[in-house]
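Contents: one structure, followed by commentary.
Just so it is clear, A, B, C and D label the chains in written order, and each chain counts residues from 1 on its own.
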Amino acid sequence: MALLRGKAWVFGDNIDTDLIYHGKYLPLTDPREMAKHAMEYVPGMEDFSKRVSPGDFVVAGRNFGSGSSREHAVLCLKYLGVAGVIAESISRIYYRNAINNGFLVLECPNISKKVKTGDELEVDPESGLIRNLSSGEELFAHPLSGLEREIMEKGGLIEHIRSLMEG
Amino acid sequence: MEKIASSKLGREVKAGERVWLPLDLVVIRDFAGPNAILQFEEITKGRGKVFDPERIAITFDYQVPAKDEKVANNQKICREFAERQGIKHFFDVNAGIGQHVLLERGLVTPGSVIIGTDSHMNLLGAVESFSVGVGNTDVVAGFILGKLWFRIPQSVKMVFNGRLSYPVTSKDLALFFVSEMGGDGANYLSVEFYGEVIDSFSLADRITLSSMVTETSGKIGFMVPNDEVKAFLEERVGKSVEIIEADPDAEYLEIREYDVSGLEPLISCPHVPENVKKVRDLRGVKVDEVFIGSCTNGRYEDFKVAYDYLLRVGKGFNPRVRVIFTPSTKEVALRLLREGIASAFVEAGGVFTNPGCSLCTIGHHGILASGEVLLSTSNRNFQGKLGRGSYVYLSSPLTAIASAITGEITDPRDLL
Amino acid sequence: MRIKGRVWKYGDDVNTDVIFPGKYTYTVSDPNEMARHALEDLDPSFAKEAKPGDVIVAGKNFGCGSSREQAATCLKALGIGAVIAKSFARIFYRNAINQGLPVVQCSAIYDLIDKGEEIEIDLDEGKIFSQKGVFSFPLLPEFVRGIIEDGGLIPHIRKRLGKV
Amino acid sequence: MGMTFAEKILAKKSGLSQVKPGDVVTVEPDRVMSHDNAASIIKLFKSIGVERVWNADKIVIILDHAVPAPTDKHALNHKEIREFVKEQGIKNFYDTDSDGGVCHQVFCEEGFALPGHLILGSDSHTCTYGAFGAFSTGIGRSEMAAIWAVGRIWLRVPESIRIELEGEFPQGVYAKDLILRIIGDLGADGADYRSVEFSGSAVKDMSISDRMTLCNMVIEMGAKNGVIEPDDKILSYLDGIAKSEFEIVKADPDAFYERVLRYDLSKIEPLVAKPHGVDNVLPVREVRGVRINQAFIGTCTNGRIEDLRIAARLLKGRRIAKGVRLIVIPASWRVYKQALREGVLEILIDSGAIIAPPGCGPCMGNHLGILAPGEVCISTANRNFKGRMGNPESEIYLASPATVAVSALMGFIADPREVL
């Protein structure tokens, strides 16, 4: 997995699935449509989908993605071009959904305090090393485990199943 | 947890391992189910058969009957899939909340492994089923392979000793647990509940507690069935069931013991469940709407306790407050109708709805306007979940009914 | 008052649900967005292609059904110049006038005119001019024309009450 | 020269001794009614610049179109209405709690629909109140805002049609079948701008509920209003509940009617209106076997206790067909409570039905049972327009509660006489 570089968007603790992707948009099935509503319910971030650039990172405090099992909350960020989510802790269903969709999620202690919105990050998903190029600080995220990395590298669980079926 | 996984795989499994577990049941709902079906059809090029049509269940509870065209279409996709694949465990829009329907229909047993597109699937831990909420992609894997990857969670043990005294309920204990754990305190963990309080809990009480494990990001919350719960399961399943008990020397990440005899009515304040305070400290906060129902507090016992309280106080609801009651299932609804409980709620000024998730999901039965306050017996009070700019508090059915009577947040002890 | 535009032609009993579906009546209130749903369930191309001044020519009983005023508002918001029909359902008729949308009752034109033709309506003379000939229609009562000229009932009342 | 009901009441209300069809009169209504659309009427009212409504006691607001609120937009509408009624002192307000229900049902139950009253509502089915001898008709939002501001409206005096009803309904045939027959015969604009008077010996035998079904649907043939001369049945119903004084207005015996039609009830059979027009009427037997996905019993047309009893009688101890959703929505909480007490709701739920809270439900596509593309619904409502229940690619058949219940039982459209 290659090194990633992008700008950080910093959010607080407990960014739940309704803030990431509100329940009223659940009937949507096209992920490009979903992307337009990403983070819409986070106060002050109503137009996040317009402001974010492909390759940017979502950085958050603890308990990111708590709540619903909705996969939309992963797809909306993925299809917006967000490179990944780095949070102090990530709620388990969200974590699974991200891995299953080949969307990078990393848990990194204190990240929301060490990074400011607009900082340039360089992330190595393999080792978990995160370099804040704006401050020069280095942070370490928990690297992905073998099985999770395997699924990620295939591009998600579906591709993984395909390869299992063919193999 | 390790025991369930070990028995499924026929070898010893330890926490931290990543394993593929065979699935006893794969459940989809009108929410996320259609996405899973469409993905499944795409991968299998429309010709695939599910691994076992007997081990798939479809329930509708999210926005029933269909709230708009998209929901109608989603439900239609599920109905056609059920028909095509010969899925017998299909429950249409009249049945109620999925997990509860599965329990009532005898589809859940201790030790079973179940996945479903509902983050509160894990409430089935109340009967020792390893049930977890997943996204639609996991379901597709389940449809095809009949198994799924899991990281076997480490376990924590919560021991609640003492006695809860009326009007303190299992919901207050659940809120206490959430505040003790924090919103991510049980992330990736399996929680086992023990103690005198748990032993005395009815199935409904257990469901309330296990459903709130989700709000601590816990994977599952187990309780060893007592005789009453075991009898219920056996009646529903139609045969004897085997209870699983953790080994005396099992390893726990942590063991916490509490004496909860002095527990007071608690309430969770906007906008996160872990923001728990004493009800009496919030006395006087005006409420616009009260909701009793959801997978957390939608069982017969939850309404019965509210009904008894209402009779005891002998007053109707504050006319300024909209009070909404939603039974979890058709079975619960019928019992409430037969016993005159539904009637009493309606006569007191409340709205009694058809079974389902109702006011716990956006899109049905009483969404709030900006600035309005809801007191709900459900499990989440995320910002904007039930209407942009609204405020949601979570409490027990007793605190809810007391507040419906007065029109402001009220400690249920105050009216007795 | 004169109106000039192209003809959009529809049949009998064009009802309020196809003009403006009920599912939008409480969720869509912005006139521009309302305009985008005009005649959605009958002719999806209409809202996309109709130009200001264009005229709807329809058969009998145009606007039957609900009292929803949005059925008139959405056409007005789209810039539709007038509706000509063999007959109108009464609530729609009132609603159209109250929205300042001219409604013209004329049967003769229906069989002769085709979609896309240019026509011109003179509301004060009661005449429709087209390449197929000139058609007359009964004049609207003067006070009704007054409401239309003021842009609808609300502006009309404001004017009368001196609140302009 | 004698006057019809419409001529007489419009003459009386405008202070004239005589009016004729085509005249335009200005009148002050005795009562006006609005539902959730009061929210937009409020905005229009405010834009006029008048501070207080003309007469707070004459305004009735009953929330029903989307209750309890299914989205935050609906919730906001309701909130704005609650604030407005408080600010203006409008006491006749029925919120989304268990006092309300479908506006027309509640309006009648609460004793607002009175003989000789002139009532306007911002809903097309306001014509229902003719069952009580009122002149009632639907208007738009701007017009309602104007009435709130100035208390007056212009009305054109309509031509009148008289429909004489004789004979008795055969078993399995109801007022809904009769009104479908009449609409089928006259066409969707057959009574455009007209006042329709129902008379004859059969009307006297009809329940108030049946009379409401008849008057409710006259709008489906374009009528301005429908009316039935009040009798003792109406007067004893109103005894004690009438919200104000009233005086019965009757047509003169020598009044002139543009048309007089006669129907023998014994010759009517169970009917449906096929998609997508209410006047597309056929005998049930000719569409027998059409598969249905959903059956709906409710609305201002057929959601009363009498209607629910008919359904319960047919469904008692039976299960609806697999693959069919039966949605039952009592027209008001009063009806709901009555049905609950009588065990009607229990019978219906046992048979597989869903009982949703009183309100309009899916009738105009707001929530609680929207159709998917290609689906078919048989409904006791009053409109089967394309897209009416939220989806332009679905189909709606209209029929009596008995026909709907039996069809739910069979899984396809069926004649109630088959199981009676």
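What we mean here is this: a residue touches a chain if its C-beta (ideal position, glycine included) is under 8 Å from a C-beta of that chain, and two chains touch if they have at least 3 such contacts.
Here the structure is a predicted model, which is why all the values come from computation and not from measurement.
K.L.:
Based only on mean CA positions, could you tell me how far subunit B sits from subunit D in angstrom?
P.N.:
40
K.L.:
Take the average of all CA coordinates in subunit B, do the same for subunit C, and state the distance between these two points in whole angstrom.
P.N.:
Whole-Å distance between the two chain centres: 53.
K.L.:
For subunit D, write out the residues touching at least two other chains, lowest number first.
P.N.:
Residue numbers touching two or more other chains: 71-72, 74, 370, 390.
K.L.:
What are the residues of subunit C that contact at least two other chains?
P.N.:
23
K.L.:
Among the residues of subunit B, pick out those that touch two or more other chains and give their numbers.
P.N.:
68-69, 71, 362-363, 388
K.L.:
With chains as vertices and touches as edges, which is it: line, ring, star, complete or other?
P.N.:
line
K.L.:
Mind giving me all the chain pairs that touch?
P.N.:
A-B, B-D, C-D
K.L.:
Tell me, which parts of subunit D touch subunit B in their complex?
P.N.:
Touch residues, subunit D against subunit B: 68-72, 74-76, 78-80, 95-99, 294, 323, 325-327, 333, 336-337, 340-341, 345-346, 349-350, 352-357, 362, 367-375, 390-391.
K.L.:
What residues on subunit A touch subunit B, complex-wise?
P.N.:
13-14, 16-19, 22-24, 26-29, 41, 43, 62-63, 66-71, 74, 89-93, 96-97, 100-101, 145-148, 151, 156-158, 161-162, 164-165
K.L.:
Looking at the complex, which residues from subunit D come into contact with subunit C?
P.N.:
Listed in rising order, the residues are 24, 36-37, 39-40, 44, 47-50, 65-66, 71, 73-74, 77, 121-124, 126, 137-143, 145-146, 149-150, 154, 187-189, 192-193, 219-220, 222, 224, 277, 279, 364-366, 370, 383, 385-388, 390, 392.
K.L.:
For a test of understanding, state which residues of subunit B touch subunit D in their complex under the given definition.
P.N.:
These residues of subunit B touch subunit D: 63-69, 71-73, 75-76, 79, 92-94, 317, 319, 322-324, 330, 333-334, 337-338, 342-343, 346-347, 349-354, 359, 362-372, 387-388, 390.
K.L.:
Quick one: in the complex, what on subunit B touches subunit A?
P.N.:
Contacts found on subunit B: 18, 31-32, 34-35, 38-39, 43, 62, 68, 70-71, 74, 117-119, 121, 132-138, 140-141, 144-145, 149, 151, 182-184, 187-188, 215, 217, 219, 271-272, 274, 361-363, 380, 382-385, 388.
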